[in-house]
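Okay, so subunit A shows up in both of these, paired with subunit B first and subunit C after.
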Partner chain A sequence: MNFMIVRRAAVYLSLSIATFISIFPFYWMVVGATNESRDIVTGKSTIGTNLVANFQNLLAQVDLAQVFWNSAVVAIAATVLTLAVSSLAGYGFEIFRSRVRERIFQILLLLLSIPFAALMVPLFVMISRAHLSNTFTAVILPTVASIFIIFYFRQATKAFPGELRDAARVDGLKEWQIFLYVYLPSMRSTYAAATIIVFMTSWNNYLWPLIVLQTEDKKTITLVISSLTSAYTPDFGVILLSTVLATLPTLIIFFVLQRQFVQGMLGSVK
Partner chain B sequence: MSGLKLRGVRKSFGSVEVIRGIDLDIEPNEFVVFVGPSGCGKSTLLRMIAGLEGITEGELDIGGTRMNDVDPSKRGIAMVFQTYALYPHMSVRQNMGFALKFAGVAKDEIDRQVDEAARILELAPLMHRRPGELSGGQRQRVAIGRAIVRHPEVFLFDEPLSNLDAELRVHMRIEIARLHKELATTIIYVTHDQVEAMTLADKIVVMRDGSVAQVGSPLTLYDDPDNLFVAGFIGSPKMNFLKGVVAESGADVRLPEYGDQIIPLHDSVARPAAGTDVTVGIRPEQFEPDGRTKLDLKIEMIEHLGGETYVYASHNDGEVITVAARDARAVKPGQNFVARFNPTSVLLFGTDGNRIR
Partner chain C sequence: MAQTRFDRNAQLNGWAFIMPAMMLIGIFMVYPILWSLWMSFQVGRGTNFKFGGLANVERLLNDPVFLRALTNTCIFFIVQVPIMIILALLFAVALNDSTLRFRGLFRTAIFLPCVTSLVAYSVLFKSMFSGDGVVNNVLLATHLVNDPIPWLTDPFWAKIVIILAITWRWTGYNMIFYLAALQNVDKSIYEAARIDGVPAWARFTQITIPMLKPVILFTTIISTIGTLQLFDEVNNITQGGPGDATLTLSLYIYNLTFRFMPSFGYSATVSYVIVIMVAILSIAQFMIARDRRRTA
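Let's look at the complex of A and B:
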């Protein structure tokens, strides 16, 4: 009996700590956006009155609309293209038999272990040779065939009933029509989960855009935040406000797709 | 309603041959049932007819046209799957009209056809629901409705009732029989279930290891099986098989494991040479109180089904024999039991498993 209570207490305690650890930075960020840089540095952690001033300062330093637009174009295009290409690949890997498919798949999984830092330079050389440097295409293209998303879709496709394909074939659908009109709509939650993952990754991507985007008018939000932090006297209120703004889109997408996201991660085909 | 012709049809997956040369004729409007043990190739053969599996060798002819390489949607078939395979993201109405939509049929015409099928299957109140919101029986009816809407020449069913509970299964079985009358089409139906096979079929195809063991009407297979396999497969409880030897006279079969009981051979049966080993087949329900031949047995177990009683009994702890007995409510395990039958009702099989006629 006593043991049970102790156990419970331990569970609650550890959950509380975990919650605090995950929530606090978020809280700190939001509160910081309303405070002056001076107060933030001294550790003030209550809501302040400097939000409007921070906003004006931010607008004075960056073309916020342009930056958001850049990030949005990159993230949305990357999401649409990655889902289209990688889901098709994952579906194909699972559905179509071939003697070499497992071999190819293993090679893909191996490639996953190569760190991006090792690919960066050759990738940049390729992009410049193709005269794509300082374009959004350059940011998006290398992410489109995502091994992780291919893997994710292949796993999810295992739950897609073969008889559904058969029924569609008897109903007169061609292979691409089966994918488009039967597979895609019945795997909505898988797509929702993948959308969140890809959108977030792309929106938060920093290193690669930093390498290929050179001019101010092309820069994405992560690059801008980073340049704010490297100012001679960084204004932490402005930085935290821009961070809050940068977090909003992914937050919105997450809440809109939350239910499907959970279902998709659990791998359910309805 | 088309007939079908299969000639020397074979199928291999890699180096494994699963369909080993099937010849079969199916008449227009016939209700044909494929039965056989698990893994014998029933589904594979059905899928080959549907065009979902390729045909490695042989000819498939539906309604007088060679169909080996024709697309599934152009064979004039419709298929009902074991898992129903309804499109999860579409309403019942959309599910049923999907094939017509793809065939470019006008919207009014699709609606008319779908409503007609819904009427036949009493689906009207469910038309707006998604498959996820239907019971198993309702899903099955939608799957059948989706097939009906295509006006196929041949319906293919792969164990359509195996996911339903016992009561619903009986209900749907009757429903399918009614549909066959109403639609007047050819039906090919795969099942494990003997009762479904016996009650629905005009013609049963018993399959074994990718070949046809026997084709015939339900009663032909029951009364007059060609081989041990069919004799054992059709009928429930199973036919009893007793070891026998043709006696010196050549006119009797001796049962060495049953105190050398003698069964006189029927005049119409071919006479194997004296000393030949044979298998004597007798169905549980062919034992009768005033039969001329008797087996002295000891009861091991009894199953009372109410109307009938199954007595499981053996001679000297040998093989257990099943006897269907009426008026046997009083018998108890451990008692002696005399099972009587008429020698004319037994079937004889040779050592190769084929009937001796």
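Let's look at the complex of A and C:
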């Protein structure tokens, strides 16, 4: 019996330590945003008085409204397009089966493991040749046909009742109308989960925007944080404030839509 | 007759629905990966290149920087992936116990790092692990170390920081997969084992792990593939340094293409090293799983 109590205590203790380690960087980020850079790098972890000054410094270096606008435009456009293109494909693969398309689907499975590192050089050359460097189009387009999301929708479509389709067909609806007016409204939770995943991925994307976007007026928030950090004398008060601002939207999405968030994360890679 | 028209319609619709995605995948994945294969046989700088046969492969084998990047990348996934998978499994099993209090709180907290962007958390880690930063302060105050650890300036410790950072960011992510899988495991198996007097540790290794094998395999593959592509963290925490101590293959490809005078053919060759490693690992892991299933 004693042994049981000791084990219980050990479980609680390790989970508490894990919780502390998981949460501490968030606390550190918020506290850091209120401190001066030299206090941050010497480990001051209590609330300071430098928040306003950090904000002013950030605004002096970065056109914050423009940066957030850029991130939002890229993430929202990528999300809408990805959901449209990939849900059409997922639905198409599941509903209209043929031997050739099953083969294609298997090839997609193989393509899934192609690392982005292997694509970035040719993609960069293609984008430059098409004179699309430094455009949002170039940031968004290569990410639109997401194999993950196609899988996710195919998987979810398996649960879409055939009777609904049959009834709609009897009513004389064309296939695209069935998709738009029957399938889409009944799969709202699938779309919600996919939206969260694609938006987050796009909002947080770093390497590809880093390659494509060169001028300050096009940079997204992740690129700004990164370039602030690589300055010769990085101002960590300003940097941590900008990470707070960059993390806030995704944090809010997570807490408001926790269930769909986790569902999407599990589903998108199933 | 009506049936064939229906079939033809289904065929047409089938193609129409997948066409936009297939065209985009063709343009932005299939074409580039083939182009990259062709490029890996070309030598020259910038846009002037010519066929060089296996010259790039030869350069690869004699390139000390490449070998360092390859070694670092391997160290990262060989050390980091097992640590993270085991931690995630242990947390998942602990949190799967319905008698545990504060489960929701623990689960949310451990999962929370997944919400941060890779760049944001990298920057946080860079600031926490500075020479006289908060981590060293805590370690000194608790007398765990006598001298501050040169986290970002020492080749060994810089690697440790990267490993700690990735583990922080991804353990909760993997844990979620195990928690979901554990919910599908029949509770009566554990009950029976408990009645038979099977100790907790044996229940973990004899029941939980075999039951979760498919999902463990799956998460191991995606984690390994992720670590092979490591870029955001090293570029923002250490910039590959000190020296080339944390240079990864992805960062090296980036440097070759965008920081140095571009040599697309050679970059493509290095990138195919990642492609081949990912392919081998995926195949190997699937074979191991299949063999185990057969002998079990």
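The rule we apply is simple: the second predicted complex is superposed on the first by the 236 of 270 C-alpha atoms of A that agree within 3 Å, B and C clash if a C-alpha of one lies under 4 Å from a C-alpha of the other, contacts with A are read in each partner's own complex, and residues count from 1 in each chain.
To be clear about the criterion, a contact is a pair of C-beta atoms (placed from the backbone, for glycine too) under 8 Å apart; a residue touches a chain by one contact, two chains touch by 3 or more.
All of these numbers come straight from a predicted model, not from anything done at the bench.
For subunit A, the partner with contacts to more residues, out of subunit B and subunit C, is C. When the shared chain is aligned, no partner comes close enough to touch A:137: not subunit B, not subunit C.
By the document's definition of touching, of the two partners only subunit C reaches A:203; subunit B does not.
Contacts of A:111 after superposition: subunit C is touched, whereas subunit B is not reached.
In the superposed model, A:155 lies in contact with neither subunit B nor subunit C. In the overlay built on the shared chain, the residue A:56 is in contact with neither subunit B nor subunit C.
By the touch criterion defined above, A:164 reaches subunit B but does not reach subunit C.
Put simply, subunit A uses residues 269 to touch subunit B in one complex and subunit C in the other.
Subunit A meets subunit C in the complex at residues 7, 11, 14-15, 18-19, 21-23, 25-26, 28-29, 32, 40-45, 85-86, 88-89, 91-93, 95-98, 101, 104, 108, 111, 113-126, 141-142, 144-145, 147, 150, 175, 179, 200, 203-204, 206-207, 211, 222, 225-226, 229-230, 236, 239-240, 243, 246-247, 250-251, 254, 258, 262, 265-266, 269. If you check the complex, the residues on subunit B that touch subunit A are 47, 50-52, 71-74, 77-79, 81-83, 85-89, 98-99, 102-103, 132, 146, 150. For subunit C in complex with subunit A, the touching residues are 9-11, 13-18, 20-25, 28-33, 35-36, 39, 87, 90-91, 94-95, 97, 100, 105-106, 108-121, 123-128, 130-138, 168, 172-173, 176-177, 180, 200, 222, 225, 228-229, 231-232, 235-236, 239, 249-250, 253-254, 257-258, 264, 267-268, 271-272, 274-275, 278-279, 282.
The touching residues of subunit A, counted against subunit B in their complex, run 161, 163-164, 166-173, 177, 182, 185-186, 188, 269-270.
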